[in-house]
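Chain lettering (A, B, C, D, E and F) follows the sequence in which the chains are written, and residue indices restart at 1 in each chain.
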């Protein structure tokens, strides 16, 4: 079989580096070109020290891109939509990791991003690249949108409860999210400076975070709100969702519901133990892998359900889900190139 | 192989035919330590555990 | 003025070390004895390396304690109640940092701690040592209970809202708490082992945490629930409380309410900025000090109030509040010995 | 081809977990049994949360071991030598990760470990499992000793200089080593407690570290001394070796020497860049992989050579080198099962 | 007594913030003005969140400085020398924290900084602000240079050995230094970005570091070389100096020598214990204080002396030593305003 | 000194008598950058700010 030729735009970023880590080992693809404006002409390993010896590629400019089979785009939010026609001219299959094509409805985009979408006609062509939610739609898809990492953690924690129609529609679901520093990408800023960020427990978006839109869209439910806090880790997202059932529910019943939803999922692990250090999902246990760990607890006194999901923001929260989605779209085995066991402890 | 239901997670726990009363085993789904507390009907309960408490 | 003689039981622990850091510089007191069963006879600085040169004390056993003016007790939960009569025989003033005398009602203790209190008659003699809530009761108090660190963060975030009777009584308040590792004291365990705890975002008590009892008692409100997560920091607690007002409220009004509640408090700082890295409370900004930083945000779309409090668990969450309470009880200026500016960045 | 059946003794430890991470993906082997005395009967993933879904194995006791093709032993130092005959009876091929069979000469063992070796006759049967140094001897080996992680970093930094006979024999080589916390294994102790170890820069063996013996043996040179410092990382060793050449040497010449030594090595990367963040070896860039990054610098003024090596203590410093050595011993392609790209940033 | 009026130039930086933390509590001084070009007009606590409630000052521009009694200058290296006449016109006493006036001899400056000093005539007017070395010269000084933090750790570790003329003059002293991230100041850069710096053990100046010049000047000895490594901590420097004595020396003799040198020093603690976690100096034990912990070990086999010093780079390595030096210069008790106990654990 | 109300936090912001229209100042309570948008009545509004966005 001839290998599918893939180019990556914005390959000097963290998501770009993670795509390279995955695709360089993927048996059905080869990397054609990788772009960076600020490091054009330099070897990839100068920016991605882990990729030394894994690739001899050098970065080129976006302007030097040649046609290819699949184009991955890992540019910052807002940088893709204006260029979408140019990208589409380069490749028949697009995978955009940015937030530009995650929402289906133009009015949602306008509401959460504060300005109208420059190419609203493209919104409905994209499939949201979360296989656990949109696997059927991903088959044969030609435009795949990457996921929001925080959104994915919230969605995967809550989806079984929503799907089973368990939740009280009158009561909002509150999702507290703890996020690691690589979420914000490679560009330094005063808040990412090591002396400032080390040891911080910094609430940075207690209300009205943009990922709320994706979560609501995927869950089909308005009453979900998010609060985000930055903590001292490099990779990882933990979502803690507080939800109220219509009727009291016991834990064994929740086990059944989560098993029904995720029992066949290759990358979801149910974590709920009564012993040991690792009783519930912790992003530390998935670092470097495409796993999302999901768990739950019920508060006997109040009936509150706490649903949890831990994932690696650069993997299940970005590059991993994107490659998984591409595998589905291309008709390859879904786990191809993603058989990575987490690195622990690290 | 017969089955019994895990009281913790409602998974089916496979049991050998010659399983004995008060035998201990581990639920393969949720990892809970279980004890066979009745043979007919085959019934499992959580095994007594030393409480680990490493709270903050 | 003669210095008040203070002994500390359980002085080899983290709270014990913090009490020493404060009391060794306190102008009105002197340290008489410090106990440790496992380090009796050893110099204090072997266990507390920061106290080298600050004190030449050595630990003695509890059995060797002599009468003193004030006895601080920093033993683990459950170790104080059975010995309370013996401690009371040693000193006219007791300050117990453990959880043994925090609840007023014996039935609350039995419910949350799973067994009846061994000395219920003592419960009502203790005052909960949180000056922002019980200053009047602390004046002249002879038995002071230390606070729970997580509880204090939750209480201080919410108290102004409760006091102003702003909250919808029908809707529960959910408090997400992120906690640092020194909360659990000095004793190593599999979960506190550095390779396991480093980089962790570990939900360890998503439902039914014991501190809930203290929070409800102090707020006089049942519908409060807590969820706790361990993060990679040594000192610090952040409480993020999600609350729903009876009626929509705007941020300037909340400013007024928080200012009314805390404007005169020496150790509370309102943190809510629109610029810079430090827009909301972060425990990193209070390390080593007795400050509690309090802030809030209102979600325009939903009306949700997010109330936040950040503190140093060993200071405002333990030793600092205890010394502040003693100052009040003894009639000394409330901030004596507590004029420490946080160490930042650290 | 039938898969080779491997059992692992001491599989609940960190090296045991890393061996599992590698061997579960190794195409020529299958895992037969894994032992743990304290977790016998429990699923492997309770202790190794990353291995959830990667294996359904449960631990058994050492006493329950059955014969197998290859036995990996990952017990603490001192626990293997007394049992060596029993282990040898179980399998024709032994790979011992402990320090018990690293030294060739019984008198070296006695000198550095303070007591005579209980089975000195076995010492010469073992080959030191560092392919970059002993590849020829590893072919067909039936008893392989794992390496010391600190020792490996020192050896790999210095070996090209020694091999090229560049160094002044009169002047000692000083090796400063910074080490991460997983080096000490899974057992908690007061020094590994998170509040104590977080942020520490703790010199713990400034003189006379035991790994010195291995380094001298591998380099064939007496005048090498080590100093070790524990820093705040979970995985990684950095060795900084200060050496003095017989005659002044310039960097281009050193490039030639290091390239000659390591140009063909699959797991050694020469890192020496004049630009960017990653100019010299840093263990952060090899996390989770079997790479050892090697670099150097020459001080023009003094002639001092600084030779550096960074590796992941659980991989190139333990499990990775062991699997690489087994591959050689068995005649398999040397990199089988070791094609892991580091996880970065993490 | 009227308070001495102090202004601080470059007060928005980390050293500036630390000076404020100290001087705001100093009983003999008051702060007149604090400058920042990029935050002029903003409250100090926006940049220094720990100083909220400790001061109501706002930053002004350098151009708005008025005359004062003492001017502290905390600008980056190279920014002070060209302005020295202007600063001298503002205040009769100058304390410059930068590296611009640390070296006595213009030729040393030219050699290590690569260009001639713009105001060589000022070099000899400055006293190097390390009281343990230059106390006599500091009395009455009117121009004080701050110290290099790495240099100070190296000097304090070695000074007793040099002073006692113990070291073999033929053999170079090698100093390995591990440094925390606040050393580099507040300005973010690609290497200080949290995802890059977290968990790093990054050798960044293995040869020819500029601080070498200060170390040699203070020790009066040429053959000293430094190697620097960045580790994952915010505050702290550890120097590990490897030195060779003329004649074998035993540890009790070294105890005598270090005690003779430092026994009366208020801020030096000798740390050398045979038990417990804290056997040798670790910067973690001095965080937030002006202490420098000094220790040593002798390698029996080789005679090598390892001398160690741990300090807080912002305190003993910068602001602390500067205030201590000012105290001496002004004739105040040397420890005024510096009676801070380290914060531990943190 | 006269006062105006901070639109962000409702604190009283002290103003010099000779304060000018479009003068910029900082609320001492909440730190918000403010602009004098009217002199009678004395009215403050949030000053236009370059948006810093360092989101994760």
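Operating definition for what follows: a residue touches a chain if its C-beta (ideal position, glycine included) is under 8 Å from a C-beta of that chain, and two chains touch if they have at least 3 such contacts.
As the structure is a computational prediction, the values presented were derived from the model and not from experiment.
Graph distance from chain D to chain F, where chains that touch are one step apart, equals 2. Of all residue numbers seen at the chain A-chain E contact, over half occur in both copies; the interface is built from largely matching residues. Among the remaining chains, the Cα-based centre furthest from that of chain F is the centre of B. Each chain gets a centre from the mean of its Cα atoms; for chain A and chain F, those two points are 41 Å apart. For the pair chain C and chain F, the distance between mean C-alpha positions equals 37 Å.
Counting partners per residue, chain A has 14, 180-182, 189-192, 195, 198-199, 204, 232-234, 273, 275-277, 282, 284, 287, 345-346 as the residues that reach two or more other chains.
Along chain F, residues 31, 54 each make contact with two or more other chains.
By the touch criterion given at the top, residues 251-253, 255-256, 259, 270, 272-277 of chain C touch chain F in their complex.
Within the complex, the chain A residues that touch chain C are 171-172, 174, 176, 178, 180, 190-191, 195-196, 198-204, 206-208, 223, 225, 227, 229, 231-234, 236, 238, 240, 242, 276-277, 279-284, 287, 297-302, 304, 306, 308, 310, 345-346. Contact residues of chain F toward chain C in the complex are 6-11, 29-33, 46, 49, 52, 54. Within the complex formed with chain D, the residues of chain A that make contact are 14, 17, 21, 24-25, 46-54, 182, 234-235, 269, 271, 273, 275-278, 282, 284-289, 291, 293, 339-346. Looking at the complex, you find that chain F touches chain E at residues 24, 26, 28, 31.
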